[in-house]
Each structure stands twice: as structure tokens, then as C-alpha cells.
Amino acid sequence: METREEEVLIGVIHRLIQGTGHIAVGANSPIPAAAAFLAQALAPPGPIVSLQQSPENNLWTDGGRELFDCASQGRIDVFFFSGAQIGGQGDINLVAIGDYKSPKARFPGSYGSAHLYFMVPRIILFRTEHSRRTLVETVDFVSAPGVSAPGVYRRGGPVALVTPLCHFAFDKAKGRFRLETVHPGHTVEEVLDNTGFAFDRPEAAPVTPALGADAMNLLRGTVAEKIARIYPKFGSDVWGLQERSMA
Amino acid sequence: METREEEVLIGVIHRLIQGTGHIAVGANSPIPAAAAFLAQALAPPGPIVSLQQSPENNLWTDGGRELFDCASQGRIDVFFFSGAQIGGQGDINLVAIGDYKSPKARFPGSYGSAHLYFMVPRIILFRTEHSRRTLVETVDFVSAPGVSAPGVYRRGGPVALVTPLCHFAFDKAKGRFRLETVHPGHTVEEVLDNTGFAFDRPEAAPVTPALGADAMNLLRGTVAEKIARIYPKFGSDVWGLQERSMA
Amino acid sequence: MARICDLDEAIAGIEDGALLAIPADYAGNAMTATRALIRRGVKELRLLTVPTSTLQAELLIGAGCVAALETSAVGFGELGSAPRFTAAVKAGTLPIKDATCPAIHAALRAGEMGNPFGPIRGLIGSDVLANRPDWRVIQNPFPPHDPIVVVPAIRPDVALFHAAMADRAGNVWIGRRRDLFHIAHASMRSIVTVERIVEDNLLQDETLAPATLPSFYLDRIAVAPRGAWPLKFGSEYEEDTQHILAYIRQAATEEGFRRYLDEHVFGLVAA
Amino acid sequence: MARICDLDEAIAGIEDGALLAIPADYAGNAMTATRALIRRGVKELRLLTVPTSTLQAELLIGAGCVAALETSAVGFGELGSAPRFTAAVKAGTLPIKDATCPAIHAALRAGEMGNPFGPIRGLIGSDVLANRPDWRVIQNPFPPHDPIVVVPAIRPDVALFHAAMADRAGNVWIGRRRDLFHIAHASMRSIVTVERIVEDNLLQDETLAPATLPSFYLDRIAVAPRGAWPLKFGSEYEEDTQHILAYIRQAATEEGFRRYLDEHVFGLVAA
């Protein structure tokens, strides 16, 4: 079986969450969830993984606000965001394209980003469309800024951006992305052509490492089964696992 | 059966809580509790009565803070306080006699008074010792002040002080107590002799009215039984009801 | 104290112009009641989603019941965007206060505590804050004396939600969806639909009492079996995903949305 | 995540000098653990009662374990005053921060939310406020712009309490005493004694989950049957009033208190 694009992204995120204590996964995030369950499976009990949609991983008993309370307190180490636009300085836009008051496109809203982006030490950005339309120099609406002025309380922010083409690291001091690795089958030129923001890069960008054989076996075994119980469509699309009703 | 002192106090408090919506009763307050249950029994369903120690009247499911939240929001209409000292301007002292830093006598502490005294519209003070030692011109430590400067947010405060001798009303505008009624068997002179603060009084203070026959029957019947289940010692002392174990 | 009544009497407690709070779609949404509200022709609602919404906000907005919206997000996640919400915002016909989830929680929490305001970290430098003139930045009175956002308390006129069961005294068992406590505590009063009425007092059962909302927070309670349909309800029933996908397709146009209303709101009463 | 261990190992998590939070006596007090702490000779505790205490604070103070106290009240209500607390305050040997119940709740709530402070109305003009230089009065940033007290957040180093049951995953069922949630949420970690261990995962039972504190808030859990004795514990056992009355009489003198410790703390281990 060939390595699928989703498995490459899971592998990158899995490396990025090494050694963290509590990973919270938001709604509709099968790729981050798979990476988190893989970390648990590889070195049990591994990190705490909380995931509201999953009965076995729903650790919350104080309503929706508990995640934000825990993040504010520093109890959450990792969270994930995407964005309609992601800007070169790490800003994310979950709200509107064009003028905010009369937008060309409107998205659901900022969710918890304007707070979590400041409070969770490791925010991992992922975007399944790598294009000049999505990765832009400046976003049209800042749901959450990538960096803050001195004096503003901030303990968290973006550490990486993972796309179908590559893995960028975010340099907080410079407020810029830096190309870390390019996924197998893709090139630096492809990344340059499809990225709307300027970024730093090494002279030769390494290829994104594949998951080891043991990790891949676990991912395609128990982790895939667990993911398929929570995200039946994803389990079917990626691993051909039959959908099971949760009713 | 002669009317007992406790029954006179219950009668006064019963009149003071007429027409209120939610009466909260703190720990160890059988007299206020009896007045509140009497109001319920006389015109069912009557006011809401919440009382943490009583399984049938414990309406709280969000911990100890819920009472204070509700009071702050304006959901609680009546609460009761006593005081080691009660001052002529309505201040109460639940903390210390003498110098705060090296007190002659020390009491448990202010409990919720410093907040509830501002937030609950009708605070009824009761003190089972009517003396110059307890009712003083100026308290040694202000757990909660009777009146506040203009501009300070305040929707509540003391409305009355009930003792074994009499019923004082509190005049918010003047910041002074006024003698309303003197209990049967007692005199204005007795009140004057035993009160450490100056107070207003009518030319002739009326006698505290007794509970009507129906109310007294209810009080000595179903209300007394209910009180005895929560406060067995009080039920036995006042109405001779046999203590029942609640275990 | 709450009284148990029929659905139309229950929703009569939601007046035109009310500041109405509704929960996120994992917590218990009174969808049968929402359809009844639309049938009644409720107007000028100021809608607060706590903190996000899917079909419930979408239907009220599409049906023209909403004069103003405060939300952290309205959309169907993986299933797609909320077409009537999106169209209304793009057309500029829906005044919107864009928030962020924990800011809505903070404002309601201040309301729950009877406080005039509450602080919340983050937000500084965002366009969320830049577009909220009703929020303030103050200096933290304690070290490190950083600038910090404070939001004014919100006390909704009325909260509307769906729960599993109520007893005859008007207490309601909320279960694990503690959001419903927070919304009810903050709101002036709550109107609730339930799957069923039980005979025993919930507050006197030590296992059920911890997750029971006392009657004094509630105003009116109506029985509405499967009252959250087509949304998920706790462990009792799953989301009707096919219905929602069909809705999203149909509501892509105003005409399609009207047909949806005719069929599912004004026509047959959804079971 | 929490681990289940024996009582001595559990209380080893409470270090000398810790800011220790304990609940009020209706919520679930770890009295067996408190006696073990005294036997261990814990020192220099900064004790926070949430918001009041009876025998638990009294024993720790009398035994010399407490360097500083923040409380809204320490006393036995109708039964009498707390003799060792009273003696220590009068002697000036116990630095005390007198609070008021909702101010302690407000400070813990700010801690629970990860906020640096929280507002609380009232207090202005009281000697409670006058003796709290660590509190501030600011101007409400919103109308009516009244002066309002703000208290800094409290995040106790460790919370100690008693609950009914824990599962093997370290989740603890709290039941109706929601205070224990609030204390555990605010504290850096919690150490808990329980009446019993159950085999099924509490978070996967829809009836028990709503009142279950997830393992990740907890540090160590020990089984201590009748672990709240001589205090009341929920609906499981009543207060041993005769024991407490005898304590109050005996602890009227330092010598009497020492005899009480010899008998009930250092001598036979209370069942």
C-alpha cells in the first residue's frame, strides 16, 4: 500500500506533538486526531487527547467553556487551526474575504481562535488547499494574529503550518514562516509557485520523512479503527474501512 | 399553650417577608426558616425557600457559589444575618471585638455578609441577645456597612432588626433604626435600657401583633414538623417534638 | 417556578425583540420549538449563539426572524456553510457582532455572577476586537499590568433549549451538556422543551440532582419528543445528516429555502 | 493523569509551604488524610478555606501546620466557636486574611478561567476590604462606572478533598457537591480520598459523567473509607455531632487539644 497524502500529514503532525502532555482536538479534525492517537498508541499511555465528538475521548464535564478555561490556565499544550486565509506573519482569517462590512465571501466565524491562539503554546496550522488564494501575504480579516506587540500577554501561537505540499515552521521572533520539509513527490518550486507569502528556506529543503514501519502499522491498524469510529467517512476514504453506525 | 418568644419572632419575620419571591436561609437559622415555611403553608405554593441543609429544600446544584451568584443577579429577595455586634447605622460585625489585629474576642468571620448585604433587597437582622453589649452605637469591625456613599452600587441592605424585645425597622435614608413594635410582656423602657445605639421611636410604640389563630395552628402543626426534621433540637426545645434521626 | 404547558404557550414566552440565547449544536437545541417560533412569525429577535450554531440560527435568520446576531460561528462544519446566514451577511441585511467562543462564555459568566463585566485574555491585535466598540481594553490592575480586554456582561431575556426530562415541580435534567446550566443561569428566564416528564422529583435523587437545573431558573416547559431533530441529542439520537445535507443544497437559493420552510416548518409538523 | 496509591503516598503530594485549598464542610472533607498530614508533620501550609471551614482548618491550625490562613469563617455554627483558631488569632500567631465567601469564589473562579483577576460587587466601606491591601478598587469600565472591587486570581498549589468514588482511570465522581469541581479546576493539582474504587469508567456512563471530575485535574487518589469522619459526607453518613461537641470542650485548652491529637490523630487511626 502506498503512503497516502493524509498519512504524510499525520506523520508531520505526529512529530510536532512529541513530548506534549494534553492535546485538544477541535471539531472535524481527523488528521490531527489520528496523529494524537498514534502518539498514544506508540508509547502508552502517551499524551492526554481530548476530543468532544468521541465518547471514549470526551473528557469534558463543564460544558464548552471548559476547553477555553483549561487553555487559559495552561493545561492544554497543543491545538489545531485552519483558516480561509493564512498570512505570512501567521495571522489567520476565519471570517471574510474582501471588505468585512460587505464581504465577497463569508465564512462561519472566528470560533475560539482569537483566544486560543494566544494561550496554547503549540498551535499547529493545517490547510488542505495549498494555493496563492489561501496562503497570502496579508489576510483580509485577522481572526487571530500570529505575533503580538511587546507587553501583550501571550504564551502561545503558531509553531507550524502543514499543507499537502510541505511543512513550514513558524519563527516567532521574525514573524515569518520557514520551509522545513517538502513532501515526497513535490518540489520547492511547486511550493514557491503556490504560496502567496514570502518565506525563509534552507538551501536544499529535505524531504518530509515517512513514518517508520512500526508507526505506520499502528496507524493503519488500531489507530485507523479508532478514527473510523469517530469519522466514518475519513476512515473509509483513506483506509477503506467500512463505515459503522454509531447510533 | 402560651405563645413562646420564638413564635413571636417567627411572627414578626413572617410579616416582613410578605410578598417576596425567593427567600434564602443560611446555616443554623430555624426562626427565619420557620417564618418562610409558614409563608409557604399559608398561601401555597408561596415563596421559593432555599435551605441547603434540608434535602427537600436544597435547590442548589452549582456549589456554594450559586447562592451568591443568584443574589448578585437579583434572584434572591430575602436573606438573614445576625452579628456579634449590630451598630446604630446598620453595620454588622461578625469578626472581632476590640482591636482587629489583637482582638479581645474573635468570631468565625464575615461569611457572605460583605457581599450579600449590598445585593439582597431585604436583609432581616435577628439577634437573640438584646443588650448594650450586642446593639452598639459603633461596631468594632465592619463586616458589612448598613449604608453606602452615593455612587457605590447597592441594591440591598438591612430592612429590620428583630430581637427578643422588639422589632426595629431600618431607615435607609437616615441610616438609623426606628422602633416599630415592642413584644408582648416587654416595654419601651426595657428596650431603651438595653440598646446601645440611639434610635427613633413613635410616641407610643404598638405591641407586636400575634400570629392569627390559623397561622399559629399551621406553625405548630406542619411547619413545626418540617422544622423539627431539619433542626431537631429547636423542634424539641420550642414545640416539644421528639427528635428524629435523619441518618 | 416553571410551569409545564403546551408548545405554543411555551414559546409565547419569547417576545418579539427579545435577546434570545441558544446553545451550540452539541448541547441540546429546541428545534421543534424553533419551527413553532417561525410559524408564529416571531420578529426582531436579537440572537446570541452560545457560542456557535448550525441549523437553528440558520432557520431563524433565513425566515427573517432575526434583527441582530452575536456569534462566534454559524456553519455546518465539514458538511458545508450555512447558506442563509452567509447570504444575509453578504447582503448586509444582518447586523452581526463577530465574537470568539470564550468571549461569549466570559460575557455570560459575568451575567451568571451578576458582575457588570469580565476579563478575557487574547484578542488584542485581532479584527474581532477592532470591530467590537462595545468591548474595552483596560490595564490589568495587578502585575504584569498588561492591557486586557473586558467584555460587558450579557443577561439574555430568554434562553431556549432542549433537555431530556423534567419533573412535575419543573426541575429539568440537563445531563452532561453543562452549557445549558450556564445559559440558563445567565438568562433572565429559560424556556425548555423536553423529551419526557418524569414523576419523581429530580432534585431528591442524589444521582440525578447534580445535573438538574432547579425550577426557579425556568419559566415554561413543553414536551417535544425528538425535539432536537434533525440535530443530534445527547446519547438519545444522532444527527439526521441526510436531512441537513439536503437542507444545505436546497437553501442555496431563497426559493429553495422557502420550499424547505413550506415543507418542514409550515407544512407537516416534524415528528 | 491521576494515580491510585496509598494514603501516605497521596498526601506526600502536599509539600510543606503549599498553598492548600480545602472545601467547606458540606462538600466533602478529607479528614482521614488531614490526620495523616498532621502525623507527617506538614509545616508552613498557606491554608485557603473555600470559603469556610470547621474541624479541618481547626485541627491543622491547632497542630501548628498553618503559617497563614485565608478564610471567610472558621467555626462550628450552632455548636460553638473553633477554640484553636480563636486562640491563634487572638494570640496573633496566625496571620489571617479575612475574606467574604463570594470573594473567595470570585478569586478561584478567576483562577479556573485562567484570568488574572475578577470583579465582585459589595465590600466597599467594609473593614474586610480595608484589611485587604492585595485587593483593588477600580472604576467599572462600563456604565454606571461605579467603583468596584477586583480580586486577584487564586490558583492553589494543591486541593485536598474527599469524594464518593473513583474509577481505575482516575476519574472521580463528585455528585452534587459542585464546589469540589470549582476547587479542582482552579487548583494546579488535586489530591483526593474516596470511599471506594469502581471498575467501570465513570466518564462513559451518561448518568454519572455529568458529576465526574476528569482524571487530568487530579494527581493522586487514595481509598479512605469513612474518610470524612467525623464530618458529614453527602448522603452517605451524618456528622458525628457528639464527637465534635466533645472536641470543642476538650480543645478549649492547649493541653486538652494535645490530648485530642494523641488520641484521635497519633494514637489509634480513626476508622
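List of remarks:
Letters A, B, C and D mark the chains in the order given here, with residues in each chain numbered from 1 onward.
FYI, contacts are C-beta pairs under 8 Å (C-beta built on N, C-alpha and C of every residue); 3 or more make two chains touch, one makes a residue touch a chain.
This is a predicted model, so every value here is computed, not measured.
Within the contact network of the assembly, the step distance from subunit A to subunit B comes to 2.
Most remote chain with respect to subunit D, judged by CA-atom centres, is A.
A count of C-beta contacts for the chain pairs A-C and B-C puts A-C on top.
Subunit C and subunit D, compared by their mean Cα positions, are separated by 36 Å. Between subunit A and subunit C, the centres computed from C-alpha atoms are 28 Å apart.
Each chain gets one centre point, the mean of its Cα atoms, and the points for subunit A and subunit D are 40 Å apart. In subunit B, 55, 61-62, 66, 72, 119 are the positions where the chain touches two or more neighbouring chains simultaneously. The set of subunit C residues touching two or more other chains comprises 109, 113-115, 120-121, 140, 148, 176, 178, 181, 209-211, 235. By the definition given earlier, chain contacts exist for A-C, A-D, B-C, B-D, C-D.
Interface residues of subunit B, counted against subunit C in their complex, comprise 22, 45, 48, 55-56, 58-62, 66, 69-75, 119. Residues of subunit C that touch subunit B in their complex: 1, 111-115, 155, 181, 185, 203-204, 209-216.
Those residues of subunit C that touch subunit A in the shared complex are 24, 26-27, 50-52, 71-75, 77-78, 81-82, 85-86, 89-90, 92, 98-103, 105, 109, 120-131, 140, 144, 146-148, 176-182, 235, 237-238.
Residue ranges of subunit A in contact with subunit C, taken from their complex: 27-28, 52-53, 55, 61-66, 68, 72, 94-95, 100-119, 141-145, 148-149, 151-153, 246-247.
Those residues of subunit C that touch subunit D in the shared complex are 106, 109, 113-121, 136, 138, 140-142, 148, 150, 152, 174-176, 178, 206-211, 234-235.
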